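Below you'll find a set of structures to go through.
Paired with subunit B in one complex and with subunit C in the other, subunit A is shared by the two complexes that follow.
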Partner chain A sequence: MKRLSSFLDSFGAILLAIIWIAPLLFAFWAATHSTSDAVNLNLFSPWTLENFRVAWNGAPWLKYFLNTFVLVTIILIGQFFFTTLAGFAFAQLNFRGKEFVFILVLMQLFILPEVLIVENYVMISRLGLFDTILGVGMPYMASAFGIFLMRQAFKGVPIELHEAARIEGCGLLGILWRVYVPLAKPTYLAYALVSVSTHWNNFLWPLIVTNSPDTRPLTVGLSIFGAPENGVDISIISAATMMSIAPLLIGFLLFQRQFVQAFLRAGIK
Partner chain B sequence: MTQAPFVRLMDVAKRWNGQLGVEGISLDIPEGSFTALLGPSGCGKSTTLRLLAGLELPDEGKIMIDDKDVTTSAASDRNLSMVFQSYALFPHLSVEENVVFGLKVRRVPKQERKQKLHRALEITGLLGYENRKPGELSGGQRQRVALARAIVAGQRLCLMDEPLSNLDAKLRNSVRKDIKKLQRDLGITVVYVTHDQTEAMSMADTVVLMKDGRIQQVGAPEDLYNKPVNTFVAEFVGAPPMALIGSEAIDGFGKGKTLGVRAENIQIVPKGEGRLSCTVNESEFLGSETLIGLAHAGAAGLCVLRPGLAMMSEGEEIDIHFNNEHLHVFDAAGQRQVS
Partner chain C sequence: MSAHANLERRRQAIYGWLLLTPALALLSIFAFYPTIATLWTSLFSRGTRRNPVEFVGTGNYADLFADPTFWLVVKNNLLYAGVTIPVSIGIALAMALWANGKIRARSFVRTAYFTPTVLPMIAAANLWLFFYTPGLGVLDQIGSLFGLPSVNWLGQPETALWAIIIVTIWKEAGFFMIFYLAALQTIPEDLKEAADIEGASRWTYTRRIVLPLLMPTTLFIAVNALINSVKLIDHLFILTKGGPSDASKLLLYYIWEMAFAFFDAPQAAAMTILVIAVLAVVAAVKFSYLDKRTHYQ
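And now, the complex of A and B:
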């Protein structure tokens, strides 16, 4: 009985893994073979990098990469700044209406960002940030999830450390910077991983708010590149897709262990 | 000595909603002294220390340190250092960074920081451990890092909140001596919170015994031992604590009073010659002597010390004797009567 259930466990896990990785494997296969070979799944057909060359020349990828990179960096910096301050206030400061405000922040967790797309669009245009990278990133900076995460991390810091720092002459921001932030490093790492992968892959909002190749991130660039009016060539689209996910994929493979540990340590599963 | 006391608490009170904090705390602490705040848990000794540190603000009263009114000053402006029960070392910083943390915050120049660090580590015997993280140190070493951090800035007042309670018994004894020596050598004023009366009695110049948020007695250790002002002090101080006997049990003291007597002043005498006869209910071999616990209907905590190994069987009836000059007389309210 025990052996059967453990067999079912591994069988299920392997099955899920195969289902999950199949599209990725196929994309890899298609990207490295000519279109007809790719579709026929001819295992002995010759490998080629031609698709990558064609795809690379078909769109300003370098610009897209740079845009995405700048975008996730700006978002991450903004999120670290706001979630640190807000999380600290909710964890360690006492002010009137704290509970109420915190519930408001938590309620934000229940609202899908897509619901607010029109409202955000209006706000971003009003701020004159339409078609800018800052405009793409701004709605995500005061992340409710991040605030909640930081609050939990800061709450776990022993109060004696706070008091010791006070006696040693630290001001409130000094304590935050010298005690709380370094102690919450694992949480920051976990949050950074989630944030970067989410915003690297984010599509709908950047699609709406960007209008030119100068601001477009990879995802939007890729969708335009692969749009039917440009003619569908599965191999070339696969090659472009592989290119755009490569940095994240390589990053994940390199930091796999840290990635998983970061989540375990930060207490989110 | 006409000099004003270094630390002065005047009628300080702190109340938590509904809960008892401390009430009417008045205390003068001279510079360079070692004062122990002693009492059972929940007696307000830690609260008193935290009020002094500025981690809590009093609801009433005044606190002066070095002739300055610091009642509402921030902790960082009081020029004191503190050793926490949990040591409160920053786990992400090395020993060196932990010790110079306060100096860095206060922007002490690097050269001076280095000198002070070296001196503090030398005094606490931590040279060579500069780059370790607190997690890589033993309990005793962590404790010394906390001490080093407390003395590095050269503050004249150092507060210690049960700094030894996380150490094992053997280490506790040696660290006790180290702390005492440190205090003497540096000439700093130490206010030390503990629930362990041996610790307080052996280290302090002045012991402040507290109960339920109030000071019971302030005095030198021998005063508390020899002249307890009430039955609480009598029972709290000393090992074994003072035995308390209802005055009805002994002739010539009337009714409603309590008589206290210490174990070392009680002798076992032949049957019929004693002032009290009681039953042996336990024998405890302590090494150089044996502690015999006695039961008597009108008394609590009676015991007698016999030299060497001298166990007595349980249930044995014996008579005991003591002289009137060794008796402490307390009135019905438990207060000491002047004799």
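And now, the complex of A and C:
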């Protein structure tokens, strides 16, 4: 009885796992076979890289990859800068009005940048940042979520270390840089993984703010490439899709444990 | 002493505000000001060449409430939330219970569950396109094995939204699983042993002990899922574009369309304000009620 139920557990879990990665496997299958073989699910048909070649030549992918890379990098640098300073102020300094401002910041956890696309678009245009990578990244830099995360991390630092550094003659920024930042390394790593994978995948806002191949990130490029108007067939779309998810997917498979830990650390605050 | 303490207090205040300023400036530009500007815009008419912009009060809201498409979109979004939230939470829980149990191929199973989380929604939509395409798609191929007729899943109003819902569940469940997984690992082993000694069945143990202990996690996930039911619309751009005849259109997509395809910013602003109002209620409930036990200090 017990063995039966444990067998059923394994069976159910594995069946669900197979269903869950089936879309990915099918796309991989389609990407590596000619369209007619892919559609007929002919298991003995020959493999080919032709789709990748056609897809690669169909759009400026290298530029898209580079744009996405630059985008996630500047967002991450910006986020580290803004959230470290604000997180430290909220965690370790006492001043009037702090609670009120903190509640304002928390509100932004719910009023998502995605919802404010209309006015943010006006703002970005007014700042002359339309169709720039900085314009795509800027609204995400002072992330309320990041401020909250850093605040929690800094609160966990023992006050004795702070005092010790002060007695050694360290200024406040020195203490932040030499004591708090090194001790919050795991949080920075977690935040980096969450931030990079979020913005690597972000679509709606970049779609609105970018207007040329020189600034377009991968997701927007992929959506344009796959648009039905372009009449690209399913094997080639699959190849393009596999190409654009490959870096993140490989990174995830290699550093799976860190990824999961990162999402957990970021989620359970 | 008081002079020194005073000095220290002022020093802290100055540093505090200095450190907050950069982040507050950005938040003001991209969150606080736009929120107010949206409210402001929603009170004015749309300027055209002939009619200049004028104050219309709640006119845009009245137009919105008189717009049958708006109500259809609200209904779609309610269904979208009403199905994706409980189903993805349920599947996430099942995944976590399995991935935490003693099963074969556990690391493969965990990886498979979590993988969709790291994919862009646009890529996910492309993957599912291969399933849904009529005639060529995998679903049709499987159906034809059983002699079922070809179905245009994305092209007919009855199924389009459901096709969208399935992609969202697929994308979310693995993400929510890891929170359950973490929570499950904090449940002490003795509880299971005690339940075994008492002769409780596995079902009783799960229902009476595990589920109540997971309640805070469930609430946390539910709030996230609720926010996602507003936010996750990228796949609409690939799969249905809100169609056919608005059958799969969701609020944020409609806002985007209103503003950037129909160039009706005031209507889009009015809709944005309504969405913000709903999100604000969620926030208020979360901070005042749900966080009574989870401490932020």
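Convention: the second predicted complex is superposed on the first by the 243 of 269 C-alpha atoms of A that agree within 3 Å, B and C clash if a C-alpha of one lies under 4 Å from a C-alpha of the other, contacts with A are read in each partner's own complex, and residues count from 1 in each chain.
Everything that follows uses one rule, which is that a contact is a pair of C-beta atoms (placed from the backbone, for glycine too) under 8 Å apart; a residue touches a chain by one contact, two chains touch by 3 or more.
Being a predicted model, the structure only gives us computed values, none of them experimental.
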On the A-aligned overlay, A:255 touches which partner chain: subunit B = first, subunit C = second, or both, or neither?
neither
With the two structures laid over each other on chain A, which partner does A:142 touch: subunit B (first), subunit C (second), both, or neither?
second
Figure out whether A:56 sits in contact with subunit B (first) or subunit C (second), or with both, or with neither.
neither
Comparing subunit B against subunit C, which has contacts with more of the residues in subunit A?
C
Touching residues (chain side subunit A, partner subunit C) in the complex
5-6, 9-10, 12-14, 16-18, 20-21, 23-24, 26-27, 30, 39, 41, 81-83, 85-86, 88-90, 93-96, 98, 101, 104-123, 138-139, 141-142, 144, 147, 172, 197, 200-204, 207-208, 218-219, 222-223, 226, 234, 237-238, 240-241, 244-245, 248-249, 252-253, 256, 259-260, 263-264, 267-268
Interface residues, subunit B side, partner subunit A - complex:
53-55, 74-76, 80-82, 84-86, 88, 90-93, 101-102, 105-106, 149
In the complex, subunit A touches subunit B at residues 158, 160-161, 163-171, 174, 178-179, 182-183, 185
In the complex, subunit C touches subunit A at residues 9, 12-13, 15-17, 19-20, 22-27, 29-35, 37-38, 41, 91, 94-95, 98-99, 101-105, 108-109, 111-124, 126-131, 133, 136, 138, 141, 170, 174-175, 178-179, 182, 202, 220, 224, 227, 230-231, 233-234, 237-238, 252, 255-256, 259-260, 265, 268-269, 272, 275-276, 279-280, 282-283, 287
